[in-house]
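Chain IDs A, B and C follow the sequence of writing; residue 1 opens each chain.
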Amino acid sequence: MPVLLDLDRAPALSELLKAIPGGLVQKIVPGSDAFADPAIAGLGSLTSAGPSEISFAVHTKYLPQISLARACAVIVLPEIDEQIAASDPVPPYARVVCKHPYLLYARLAQWFEWARQPARAAAVHPTAVIDPTAQIAPSVSVGPYAVIGARTRIDAMTQIGAGTIIGADVEIGASSNIHARVTIYDRVHIGARALILSGAVLGADGFGFAPDPSIARGAWGRIPQFGSVVIGNDVEIGANTTVDRGALEDTVLEDGVKLDNQIMIGHNCRIGAHTAAAACVGVAGSTTIGARCTLGGAAMLSGHLVIGDDVHISGGTAVTYNISKPGRYTGVFPSTEHSEWQRNAAVVSQLAALRKRLRVLERG
Amino acid sequence: MPVLLDLDRAPALSELLKAIPGGLVQKIVPGSDAFADPAIAGLGSLTSAGPSEISFAVHTKYLPQISLARACAVIVLPEIDEQIAASDPVPPYARVVCKHPYLLYARLAQWFEWARQPARAAAVHPTAVIDPTAQIAPSVSVGPYAVIGARTRIDAMTQIGAGTIIGADVEIGASSNIHARVTIYDRVHIGARALILSGAVLGADGFGFAPDPSIARGAWGRIPQFGSVVIGNDVEIGANTTVDRGALEDTVLEDGVKLDNQIMIGHNCRIGAHTAAAACVGVAGSTTIGARCTLGGAAMLSGHLVIGDDVHISGGTAVTYNISKPGRYTGVFPSTEHSEWQRNAAVVSQLAALRKRLRVLERG
Amino acid sequence: MPVLLDLDRAPALSELLKAIPGGLVQKIVPGSDAFADPAIAGLGSLTSAGPSEISFAVHTKYLPQISLARACAVIVLPEIDEQIAASDPVPPYARVVCKHPYLLYARLAQWFEWARQPARAAAVHPTAVIDPTAQIAPSVSVGPYAVIGARTRIDAMTQIGAGTIIGADVEIGASSNIHARVTIYDRVHIGARALILSGAVLGADGFGFAPDPSIARGAWGRIPQFGSVVIGNDVEIGANTTVDRGALEDTVLEDGVKLDNQIMIGHNCRIGAHTAAAACVGVAGSTTIGARCTLGGAAMLSGHLVIGDDVHISGGTAVTYNISKPGRYTGVFPSTEHSEWQRNAAVVSQLAALRKRLRVLERG
């Protein structure tokens, strides 16, 4: 589970692996009998894959499950393969030996996704409202009730989902997939192979105000946001995530950035290449994050920070200062049973006093 | 306030209570004069309800307000009723004695909601784009600019709001209410009596990537998400909440789950029956939560956890480990005036050292 | 960068300043040669503005950049102006002396935004579905696939974006700008000059349930939400922000409230005039916040609190108690390198015990 192709369309294991780029496979060990070169109809976890599916084991700690797997083939690390080969009886499935089983699994899954895709005629739904000055490549598909503004350019093979609203002077690169109900404001630029999930809002006005006492005591005057959002290639943006446009310069997401759902990127931020953020992360305005960083779920970064390359922020952590040194950074109040938390939290507000008392004792 | 029905449609108290299921009412004590069996045109809080409305008191601490209430009837606990009966003068309103006043109030409110509902012809708006293979029960209503995909099945009495986009092979049970501007991706299954608020996104791709150095140093390769989202009966999902589809298996919300707004449920999660989460909660992928749990606002659960039944997580708490024991769990940094926080937070980073110094002193 | 107007439409500095209300300018010091009264085609930061743009310096700490600015004019504080006048050589740009440079910059930006706006005929797109009983002022514009319900009233000059869904009995004041893909539920009232960004959901049902064991053990019965949302003048609401309708009374946002993206305001809350909240803030139900407060990003307020005027909550802070005294309040676990956090966090769960041990020592 899940079976992904009907058995009559399922490729033999050897054929399937030939279709996967990257030279990832070290060795194929044929299974016994029907599993010598089995037809692969889908993918599954070690415990759920059935006899027409391939599974994978990324760590030796899964050895107990591996021995019980009912899959017709299993992707294994070389060190796991040795242990399986030495076991008695040797399990009947074929073994695909590979140093990066998770990556091979990802590639196989991508192949199945491609193979399952229904033949789809590039088509613009008759209800789509497209400005006559927009440039839509002939292979682009546009869903019902999508709206595309003046002078917007959408490149080959890109798909625009139903109810998606795209402003004027937008550019979207080739082979991108903009799902249903996305908003892309004027002048946003998106590279090739983007994946934008439903509810995402790209290029809304940044949050910029100047105190304006001429309106009323404490009132705020709006600062128009003239910048835009510039997004590189291979970027993915999750459902209901928002990326605001810059005030004067642009907000930038570099190549390969991956943003999960419900993330907020403030105006003028720059997120470095291949940085990935889990859901519910917030990055306040004008913060720069380096390349290859990871931000755990609900991490929060203050504004105007500079975070270097290869920095990893744990989930739930608030970062309020610049970080230049690669590494992992954390700041989370440990959760415990409530009564225990109450006892300990009460002391948190006395820590400075406690330290003083300790000093007094130390001085004797 | 608010008056919910015109007075000529307002039922007498005795009639109204007969229409409420559940045997909740212990006793009705008639009010004086016009309030003997008053017409009930609406509901209100103790301080705001006027003489054509019913109010309720859930706790003896509200006794001061109860004596001043201008409502024509008040739902009271038995112990409150005794005190009111013994007071001099006895207030003029009718008293509905009930051990669960809040539940009775909820039932009355549900009755008024039903009574206020305008007669609504089941109708599919002519602008809705419905695939010819979709199965839409005759009593279903579909709003303007809704889109419904191939082979999708929508059961009797269900309402689909304007601008809602529903994919292919979706199933939605009877008497559900899908508000405007919701996205439901392909193959999502939803039970009966669901309530899905605007902006919710169900079944977007989970966030799954494998490191893929063949693309670039630090780059991520996408893992297609073949699972779906399976939602039980009586589930409510708040505005702009997102529930991602599973990678291989499904993401599951069991019967009676209630999710507030802006919640994120990651791929492969399972949320147990009658578990309720307040707004802004995040649950990372593959975490299982038991039945009858509550998650306070902005609580955050790490991925791959197992949380048992009857566990209550306080708002703002990050949970990073399994919890099997029922009870309340908390982890929040206590907030104080900023200068005090600065003094105490500075010590937090020295706690390990402080403990050492204490040990040294203890050893004399 | 960014140049905002073609040079042939760019006003001379002296003309431009005459168009700005408020008497903010103290003095204009002409620049040398071509910068005597230069044409202003746009705005930029000190480091990015080119010779057809005006820049601004809000603090003396920017003096190094000011001396290098290539802008044709710079807005400066009086004390900065004196230093520049005394420098040798005096930079060539014109200087606009002003005690509130940031506010003047905001006003200039507003002027450019207005000047850039394309001439736009008020028009209702033919695909908009507008109930015949709705009252839409003639100067209102409505985008494609917008839906407007019965008896809704939209005042002069207001713009409704594409795909926006507005319920019945809604009121929206004059000169408001409701962007694309917004949901406004029935009976919500919005004042004049509102700005509502894409994906916002106003007036969804509040999250209200009563335990209802008659359904199942631990089950929840829904409490209908009869209140609405009432929004004053000059309010801004960010992308994907949600403001829930009240249970019995209304949820209220007073004049001049500014909400960033992905904020959640629970039912029955009241937010005071000119209070501003940064992104990802959550305010639980029935909490009242005073005037002129600021809430930092991802701050979280529990329900049923009363927060006074002029209270400032730091980002990432959870507030669980009433605050009446103006000032800044904070509660954030300081983040450090992960290993250091591990050492210190381990002590957090022993703080109460630690305090006891300290007492023992103190007693000798």
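Note that in this section a contact is a pair of C-beta atoms (placed from the backbone, for glycine too) under 8 Å apart; a residue touches a chain by one contact, two chains touch by 3 or more.
The shown structure was predicted, so the numbers you read here are calculated from the model rather than taken from an experiment.
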item: Mutual neighbours - chains that touch chain A and chain B alike; value: C
item: Same or different residue numbers at the chain B/chain C copy interface, by half rule; value: different
item: Centre distance in Å when chain B and chain C are each reduced to the mean of their C-alpha atoms; value: 28
item: Shared interface positions of chain B, touching two or more other chains; value: 127, 145, 163, 181, 199, 240, 262, 280, 298, 332-334, 336, 346, 348, 350-351, 354, 358, 361
item: Residues of chain C that touch chain B when the two form their complex; value: 127, 129, 145, 147, 163, 165, 181, 183, 185, 199, 201, 204-205, 207, 209-212, 214-224, 226-227, 240, 242, 244, 248-249, 262, 264, 266, 280, 282, 284, 298, 300, 302, 313-314, 317-320, 327-334, 336, 340, 343-344, 346-348, 350-351, 354, 357-358, 361
item: Chain C - residues contacting chain A, complex; value: 1-2, 4, 21-22, 42-45, 48, 100, 102-103, 105-107, 109-110, 112-113, 125, 127, 143-145, 161-163, 179-181, 195, 197-199, 234, 236, 238-240, 255-256, 258, 260-262, 273-274, 276, 278-280, 291-292, 297-298, 310, 315-316, 332-338, 341-342, 345-346, 348-352, 354-355, 358, 361-362
